[in-house]
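Paired with chain B in one complex and with chain C in the other, chain A is shared by the two complexes that follow.
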Partner chain A sequence: MNGAGIIQGMIETARNFAGSYHDPERLTTVQYPEEKLPPVENARTIPFLVYDGGDAMAGLRCTACTICEKECPPQCIYIIKDLAKKPDYVGKMQLQPKVFDIDMSVCMSCGICVEVCPFDAIKMDQVFELSTSDRFLGLLFHKEQLAKPNGYFSQLHKTEAAEIDARRHEDKRKAEASAAARAAAAKPLPPGGVK
Partner chain B sequence: MRASTSPPGCIGTDGEHTLLEVSMGPHHPSTHGVFRMDVTLDGETVVKLKPVFGYLHRNHEKIAEKNSYLGSMPYTDRLDYICSLTNNWGYALAVEKLTGLSVPERAEYIRVILGELTRLINHSALAGFLLQDMGALGTPLMYAFREREKILDLFESLTGARMMCNYMRFGGCRCDLPPGWIEQTRSVVSRFPSFLDEFESLLTGNEILQARTEGVGALPGRLAVNAGVTGPMLRASGINYDIRKVDGYGAYGRFNFRVPLGERGDVFDRYMIRILEMRESLKILDQALRDIPGGPIMDPKAKLRNLRPKPGEAYGRIEGPKGELGFYLISDGGPNPYRYRVRPPSLINLTILEDMCLGQTIADAVVILGSVDIVLGEVDR
Partner chain C sequence: MRGLDQIFVWIGREVAGWAPAPAQPLVSAILIIAGIMAVFGTCFALTTIAERKILGRMQNRFGPNRVGPCGLFQPLADAVKMLTKEDIVPFSADKTLHFLAPLVMTTPIWLAFAVLPFGRNMSALDLDSGILFFFAIGSASELAVFMAGWSSQNKYSLVGAMRAIAQMISYEVPLVLSTVPVLMLAGSLSLNEIVAAQGTHTLGGLARWNVFTPWGLAGLLLFLIAATAESNRSPFDLPEGESEIIAGYLTEYSGFKYALFFLGEYLGLFAITGLAVTLFLGGWRAPFQWLEWVPSWLWFGGKFGVLIFLFIWVRATLPRLRLDQLLNFSWRFLAPLTLINLAVAAAWHWTGAWESAAAAPVRWVLCAALIALPAHWLGRALRGAVPPPRKYHYAE
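So, the complex of A and B:
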């Protein structure tokens, strides 16, 4: 019959319309600014720098190795090394960044900086309401804005942060043990000395 | 009509008819982005059509020749931004050929699962947009996007991003599946056929749709082959050519699926072939989700940084949702490719647009363009 297909389609639309009142399968709209979906653990938006301890600038994990700067596909990271070294979590002296800028207007959220970082110093954030009226300096983030505590990172990416913390804890324990062994070996010889 | 009373845009007469040149686009809603058609009309009939593209040119190939091999991976997401994972796959395949890396079994299965999910996304979006071009404003597109959303949620929980996934790596995948992902995917896949049934009952039997599409924009198989057309468009013209079957790349040799073929190669066939391909994709997904093995997801020889392949060349191609997506690489032994070239299926499928549109009305030209399935990010690169 001519027109049967159209009526069939109308019935389908009506079913969806009625279903949108009671069936969660059919009512999928989220009223965004009022309602927000819970964040997904793996989600990524822009990078940030992780720091340990209470002082953001002293606790930065970044050692200014500039691997992320070289690998960043759109070249949005800018680093100047600070020649004054500071000890890292195992007590080894490491460089630190004097300037660490990320131009968020250029960043394309690919996460390659995170993948290549050997120090777990840069991680992906999940903030997404970043609009600003100043698109030049307003989106050029300095290390002070980028630094966020390790506790924040653990909240975002629980599994990954737990792994990293366990690894770093183990490294620290080993370093302390070997330092203690070295200290023991370096003790002055007892009087009489070695025969 | 005499020349002195010609309307503006009139470009002269063809015997007794006045021809009118209409520039459709680049900001026309039916052109799916910034694409322009220079159409010459005799009344309502198309007598000449010149596709004009390049409005979205972003220098993709040259940027890739400057970047490291890894650095081009996120840029491939932005070629065909609806199906970023198949773009990743094509590029990874080319670099794996160039460097001789192998891909572990589990990673191959993950790639097949993601590739087929991407095909579902692409085809459902295409069906929605095609119907939108025909005047079914909103409703079918919204239903299609509702289903697409569920798959995008899966992508987000696995890769971290909904569209710009940047997930595949040379020699495997970036990270393993999160716990519970397979079960979630299974439940999405098991509910997808009911959406397809609903979508088909919504519009496939619709008389207006049939009148608008049957016999419109027919592309004979011979012409399609000569024009280099690939993918669903070629198969709608009745040519059995699917790279998943021809090359059997990845793990596709192990799955049992059929390749749907059209007969006349008109817009209706091109629409139906996408619906049928989605049903075949669901079969592949069922098998892959059932058989996925455990094990590593990266080749132990693979390294992330400082990749310097030996001098040589490689062409990696996959059956993307839109057709044959190929990446051609020449290495001179340096850290970045000496030459990087994309074979975009949308661009090559678009070159035959004029032959399909001649003699049709301008309203049909819109529908024909919709059935070609173009994404301007890929056409212009």
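So, the complex of A and C:
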């Protein structure tokens, strides 16, 4: 019959119209500022720096090796090395960044810095409400803004963080064990000699 | 209730009564004009928000819900946005025509409201040839559309205007022809007379609206389809075709002029909806005799609202036609059917004299078949008229 398809379509839209009032399941829109979807583990937006312990600047994992700076495709990372060294988690002395800036207006969220970092020091964040009234300095993040605790990282990316923490724990244990062994080997014989 | 029915007439008469006697006709005319502009201006604002909300719901969205409670102040925000926008006139445009087009679009449509009877004794201008005046005034919008398209010096504008002209002229024919049976049977061109002709009741108390007859129902459907095309609404919104020709003849318009086009389009829709109510749905009359106590303007408003909702519903449902489909539909389906409908109305009129118990149902079935069978055949022929798939010789 002529127009049967039109009537079918009209019934469908009428069903949507009535259904959207009594069946909230149909409305898939999330009312954003008031409601938010729970974060997805693999989501990533911009990079941030991970630190261990309570002091952000002292606990930064970054060793200012500048691999990320060199690899960054849009060249948005800017690092100046601090020559004063500090011990890392296994007790080895490492350099640290004096300046670590990321220009978020240039960053394209590719995550290459994260992939190349050998120290697990830079990771991807999930923040997205970055709007600012100053689009130049307001989007140039310094290391103080970039530094976030390891606890925050393990909240965002649970699986990856657990893996990294286990590996670092193992490294630390090995380092301690070898240090102990070395200490034991280097120790002078006790008085009285070997029995 | 009698007082509520005539409240606007009474207010108008009282206010005009304060003016000195020689100025009274002028004051009363100004009052009526102000009333119509206020009511339909508000109607425009409310329809924009209602349309967006309803479209949203029909697509399982919320629609605008940010400005004010439930998004009700959205029209205000839109108005502020439209009026504060920069008014851009293209460098190579014909400045005068470019400026005049929105005015030519909007002004005549306000005039069309003059002849519509909104309630008992509530017709601004009781012309003997009201419907003729309505269509004469209404066709000015074609001129405006072409002025806009031509003066913009933009290929999208011109293509949009060409499409609009082709469409509006094609659909003007079924639009006018579908009203002719009403005029024939009412024996008058005056809209007040046409409402009066639908004012009697059958034995059950049901009003004798034109829509309750086979030719009236068919006429209303044909009229509504043609009206949708005349007011450039989806699924006949080719002249604007955002996805193909940006916005058609509106491409080079911004700010207040764009808002005027928008206003003109909606007012055209309102006017033609008001005409559909008047011609087929009994105007301001109640559907049953025992409902006559409800104020007449409420009946008009109610029917008007239902038809507007129908237009929005259709817009939410149907996709846009192609130009050849559009013109085929008008010339091969609507125009012949409106002509056949004339004959059906004549048959209905002559069979009215039958006097037997079985006369009413037989008459109904006969007239319904007279319009339904041609509609079926024309529809099949129309589907057969689709050209064969295009053969490409060089491109694969």
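Assume the second predicted complex is superposed on the first by the 183 of 195 C-alpha atoms of A that agree within 3 Å, B and C clash if a C-alpha of one lies under 4 Å from a C-alpha of the other, contacts with A are read in each partner's own complex, and residues count from 1 in each chain.
Note that in this section contacts are C-beta pairs under 8 Å (C-beta built on N, C-alpha and C of every residue); 3 or more make two chains touch, one makes a residue touch a chain.
Only a predicted model underlies this, so the values are computations on that prediction, with no experimental measurement involved.
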Three-chain arrangement built on chain A, chain B and chain C clash or fit: clash
Which of chain B and chain C A:Ala43 touches, first, second, both or neither: first
Residues of chain A touched, compared between chain B and chain C (which is higher): B
First (chain B), second (chain C), both or neither touched by A:Glu12: both
Contacts of A:Cys110 with chain B and chain C, given as first, second, both or neither: first
Touched partner set for A:Pro24, first chain B, second chain C, both or neither: neither
Chain B versus chain C as contact partner of A:Asn2, first or second or both or neither: both
First, second, both or neither for A:Pro73, with chain B first and chain C second: first
Touching partner for A:Gly54 - first (chain B), second (chain C), both, neither: neither
Residue range of chain B overlapping chain C upon superposition on chain A, of 77-85, 149-157 or 221-229: 221-229
Set of chain A residues, in rising order, touched by both chain B and chain C: 2-3, 6, 9, 12-13, 16, 26, 28
Contact footprint of chain A on chain B as seen in their complex: 67-68, 70-75, 77, 139, 143, 146, 149, 153, 156-161, 164, 166, 174-175, 178, 191, 198, 201-210, 304-305
Interfacial residue positions of chain A with respect to chain B in the complex: 2-6, 8-9, 12-13, 16, 25-26, 28, 40-44, 67, 71-73, 108-112, 115-116, 124
Chain C - residues contacting chain A, complex: 54, 57-62, 313-314, 316-318, 375-376, 379-380
Residues of chain A defined as touching chain C within the complex: 1-3, 6, 9-10, 12-14, 16-17, 19-21, 26-29, 31
